[in-house]
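The same subunit A turns up in both complexes below, where it pairs with subunit B and then with subunit C.
Now for the complex of A and B:
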C-alpha cells in the first residue's frame, strides 16, 4: 500500500496553477486574439482595396493587427506551456520504480 | 499521475474534508470519475452500454447510507491503479487506470458490472482500446514523423533497383496498397512473421511456403511483412524491398497459349531477379503446380524450378495443407526449395483485438455503432457454432455480415448481442435463443426424458445426466467434447438405445448420431479410413466436420486396434484431431459414447449375486484392466464409465410395452384402435428374450409376429378405419380379432 498525499505530488502544482487566471483564461484569450487578428486583417484588406479608410485609420488597423497577432501568439505560448510542461511535470521516479518500491514516494 | 486523474482525486479529497470523514472512499472517487465527462470514461460507458445516470444514482444511494468505518479504500484503489498503469506500460497513472482498478477492487463497481454482465477484463480491454485509438489519432496528426513521411513515398530508394515492367502489369505492389489503407497494427502471428523474415534473410533456400487453412491469416502475415519492410522495421535484407503479389489468375486469363504463358512468366521472374529489390508472393500456389491444371490455371512448376534455387530470387508461396500434401509433397525437388512456415488460427483474445481495430472502419462504412458486448458475443458464438472456419476469419465475417444487415434495416443502427444470435441462428439453421432455453430445460429434466425410452438403467441415466449438466454448466475443468462416456454391459441392455435417446433429446434428432462399428477397424492401417487422407474423406472426421453438433457412437470399442484407441485419447482429452487432409476437426460440440460388451459375463454374474452396482463397476473395471482389454489412461479419459445392468423379465415387459405403444399410436392415426393385452406382452417377451442378446430380439418378434399380420390385414381390407383390434395369443401362432368400435 502507499500513503497517498496529493499535495506532495508533482502534479499538485498544476492543480494549483490551473486556478491562476493567467493560465485559466489563456486559451480563451488565445482564441479571442486569433479572431481579432483575422478581423483586423480582413478590415485592413477591405479598407486598402476599397479605399474607404483614411491613412490614419489604416495605420491603426495595421497596429491592431500586429498587436492582436502578438497577443494571440503570446497566449498560445502560455497555453502550450501549461499543457505540455506544467500539466506533464518531469517525473522523479518512473512508474515501474514506484510500483516496485512505493515507499520511495515518502 | 496525469492531470485529469489528479483533478478527480483532488475533488474526492476535498469532499472528504468537507464531509469531515476520516478517510476518502473509493465510492466517492468512482462518483467523481463517472461525473468527470472525460472522453475515456465516455468511451468505456458508451461501448458497454452502461448508463451514467444509473450508476450515479446508485452511487449517491451508496454514499448516503455509507458509514464512516467502511468509507475507505481510496488509497487501495490508487495503489492498484499504480500497478495497473505499470502493467499497461504507462508513464503516469491515468483515468483509465483508476477505472480499471475500481473494476477490480471496488465491491460496489464489481457488483454493478456483474449485474450488467461485464467483467473487469472488459473494462481493461476497453481502456486499452481507447488508448490505442488516441495514440493512433495523435500519431496521424504529426505529419513530420518518419512513418507519416514514408506514406508520401521516397525519392531515390527505388532508383538503385531495376525496372520490372511486365511483372508490374500482372502484380499488385503491397506497398502501394499500404499507402492507401494506412499503417495498421499487427495483431497475432508474431512468431510466424519472425520465421518468414528469418528465412528471407538466409543465403540458401530463402523461399517461404506459408501453409495454413484459408481464414487463418496467411494473407495478413504477408501484409504485415510488407508493412514492416515498408517502415524499415524488418530484417536488413527485407527492409524497403517491394513485395509484389503476382496474380497468376490474371496472367492465365490474359495469355492463352502455353508457350506465351511460359515466356511471360520467364520475363516476370527474370525482371524480379534483375531488379534485386523484389519479393514475390504467389497465392494458393498448389493451383498452379498441378500436373493436370484445372481450367483457368496454368502449370508454372517448370519455370519456377529454374528460378527458386537462385539466392537473389525470393518467393513467398501460400498454400493449404491439402495443397501441400496432394501437390507439393509429390514434387520433392520443388518442395525442398522452400522452407515451410505453418500458420495456425489466432487466439480469441487476439481476434478481439483485431475486431477492435476493424470496427471503426465498419462503423464508418455502414454508419452504425457496435456495443462491446456484441464483439464478445461474436467471439463466443463463432467459436462455438462455426467450428469449421478458423479465427479471425469467422469473427470478421460475422461482424461484417451483422453490421451490414443491421445498417440495411435502419440508419445509425446499433448492433447488439441479440442481433448476432439471430444471424448465427440463421446460418446454422438452429434457433439459438430457443436452443439455449431448451437446452437448459432438457438438462434439468434429462433423467425424466431418457427414462421415457430406457427401462431399468437408473444409475446409468443418472450418471450421464449429471455429467452432461456439469459439462454444460462449465463447472468442469476440461476443454474436450460436451460429454464422453464409456458404456459397459452385455448385449441388448440399452446402450445403443440410450445413445439414440441422447442424440434425439440433446441434438433434436436420431440422425445426429454418427455410428461407427469399431470391429471394422481392427488393423493399424484403418486409422487412415477414420481420419481420411489428402483427397479422401475420413469416416470419423468428415461427418463430424460436416455436422459438428452430433453424438459419436463408437460401438464395440474393445475390438479396435490399440493404436486407434490412442488416437481417441487426444479426441477425448482435447476435443480435436487433425484429419488426414491436415485440417483440424473440432469435437467440442459432440457427445462421444464408446460401448463395449467386454466383461458382460462379470456383470451378469455379480448382478445375479445381488451385488451393488458400484461394486459391480469396480470389479468390472478390475477385470477389463487385468485382461488388458483397455489401458487405464484410456478409461480415465472418459467423463464417466457407465455400467448397464442385465434386464429382468419385468423390465422386458416394460420395453415391450414401450415398443407396442408406438405401434398403437401409428394405428390410431389410421383410425384403428389396437388393444395391448398382458398375454400378448408376455408371449412376445417369451419369444424375444435370450440371456445372450437381452432385449434385442423383442423388436424383431414384434416386427415378425405383429406388424406383418397387421400389414396384411390392412392391405386386404380386413381392418378398416373405425375398427377395434386385438391380438389373440395361441400356442404357436398369433391371430387377429377385429371388431367395430
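Now for the complex of A and C:
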C-alpha cells in the first residue's frame, strides 16, 4: 500500500512559503526600492548638475542610491525565485504516469 | 511513506536555481536569439546563393554563334552576379554585426546574473559605508 503525504508535496510547501512575510512582501519591497533608486538617481543627477548640495549630501545620496539599488536587486531576485522556482515546481513524473504505475515513485 | 517532494533546505534550492537552472535558461534563450538573427538575415541561404543573379536579372546567350550577343550576355550576367554578391555580402555583414551585439549582450547578461549576489552585497556595504 502506498501512503501519499500531501503535506510533503512541492505545491503544499509553496503554499506554506507564500504565507511567509519574506516572500509575501518581496514584490512590494522590490517595487518600493526600484522607485527609491530612481528617486535617488534623479536627486543625485539634479544635485551634481545644479551643485546645490554639499559634498557630504551628495555622498549620502550616492550611498542611498547604492543601498536602494542593492535592496531592489535583492527583492527582485527573491520574488523571481519564488515565482519561477517555488511556485512552479517541476514534476519528476506526470500525474498520468503515476496513475498508470504508482510504484514509479518508490 | 512516499515523499512526494524531497525536502531541501531553501538556501540549497536557491543555489541550484541561481547557479544552474537560470544560467541554463539564459543560455538557451540567448542561443534562440542567435539562431533567430541568423534566420532573420537568411545568412545560410545568402551564402549558398552568394553569386546568383541579382533579382534573377539574367540574359540568355541565345542560339548560334554570335560573339557580340554572347559578350553582351556575359557582361550583363557578370554585372548582375557581382551586384547580387555585393548586396548579399552587405546583408551578411549586417547580420553578423547584429549577431556580434546579441552575443555581447548575452555574455553581459550571463555574467551579471552569475555575479548578481556579489554585486548586491558589494552595493549594500558600499552604500551603507557612504551613508554613515
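As a working rule, the second predicted complex is superposed on the first by the 92 of 106 C-alpha atoms of A that agree within 3 Å, B and C clash if a C-alpha of one lies under 4 Å from a C-alpha of the other, contacts with A are read in each partner's own complex, and residues count from 1 in each chain.
Assume contacts are C-beta pairs under 8 Å (C-beta built on N, C-alpha and C of every residue); 3 or more make two chains touch, one makes a residue touch a chain.
For clarity, every value in this text was computed on a predicted model and none was experimentally measured.
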First, second, both or neither for A:64, with subunit B first and subunit C second: second
Which of subunit B and subunit C A:9 touches, first, second, both or neither: both
Partner chain(s) touched by A:96 [first = subunit B, second = subunit C, both, neither]: first
Partner chain in contact with A:87 - subunit B first, subunit C second, else both or neither: first
Subunit B versus subunit C as contact partner of A:74, first or second or both or neither: second
Subunit A residues touched by each partner, larger count belonging to subunit B or subunit C: C
Subunit B and subunit C footprints on subunit A, overlapping residues: 2-4, 6, 9
Subunit A to subunit B touching residues, read off their complex: 1-4, 6, 9, 11-12, 14-15, 18, 87-88, 91, 94-96, 98-99, 102
List of subunit C residues in touch with subunit A within their complex: 1-5, 7, 10, 13-14, 17-18, 21, 116-117, 119-124, 126-131
Residue ranges of subunit A touching subunit C (in the complex, touch as defined): 2-6, 8-10, 13, 17, 59-60, 62-71, 73-74, 77, 81, 84-86, 89, 105-106
Parts of subunit B lying in touch with subunit A, wherever the complex brings them together: 1-3, 6-7, 9-10, 13, 74-76, 78-79, 82-83, 85-86, 90-93
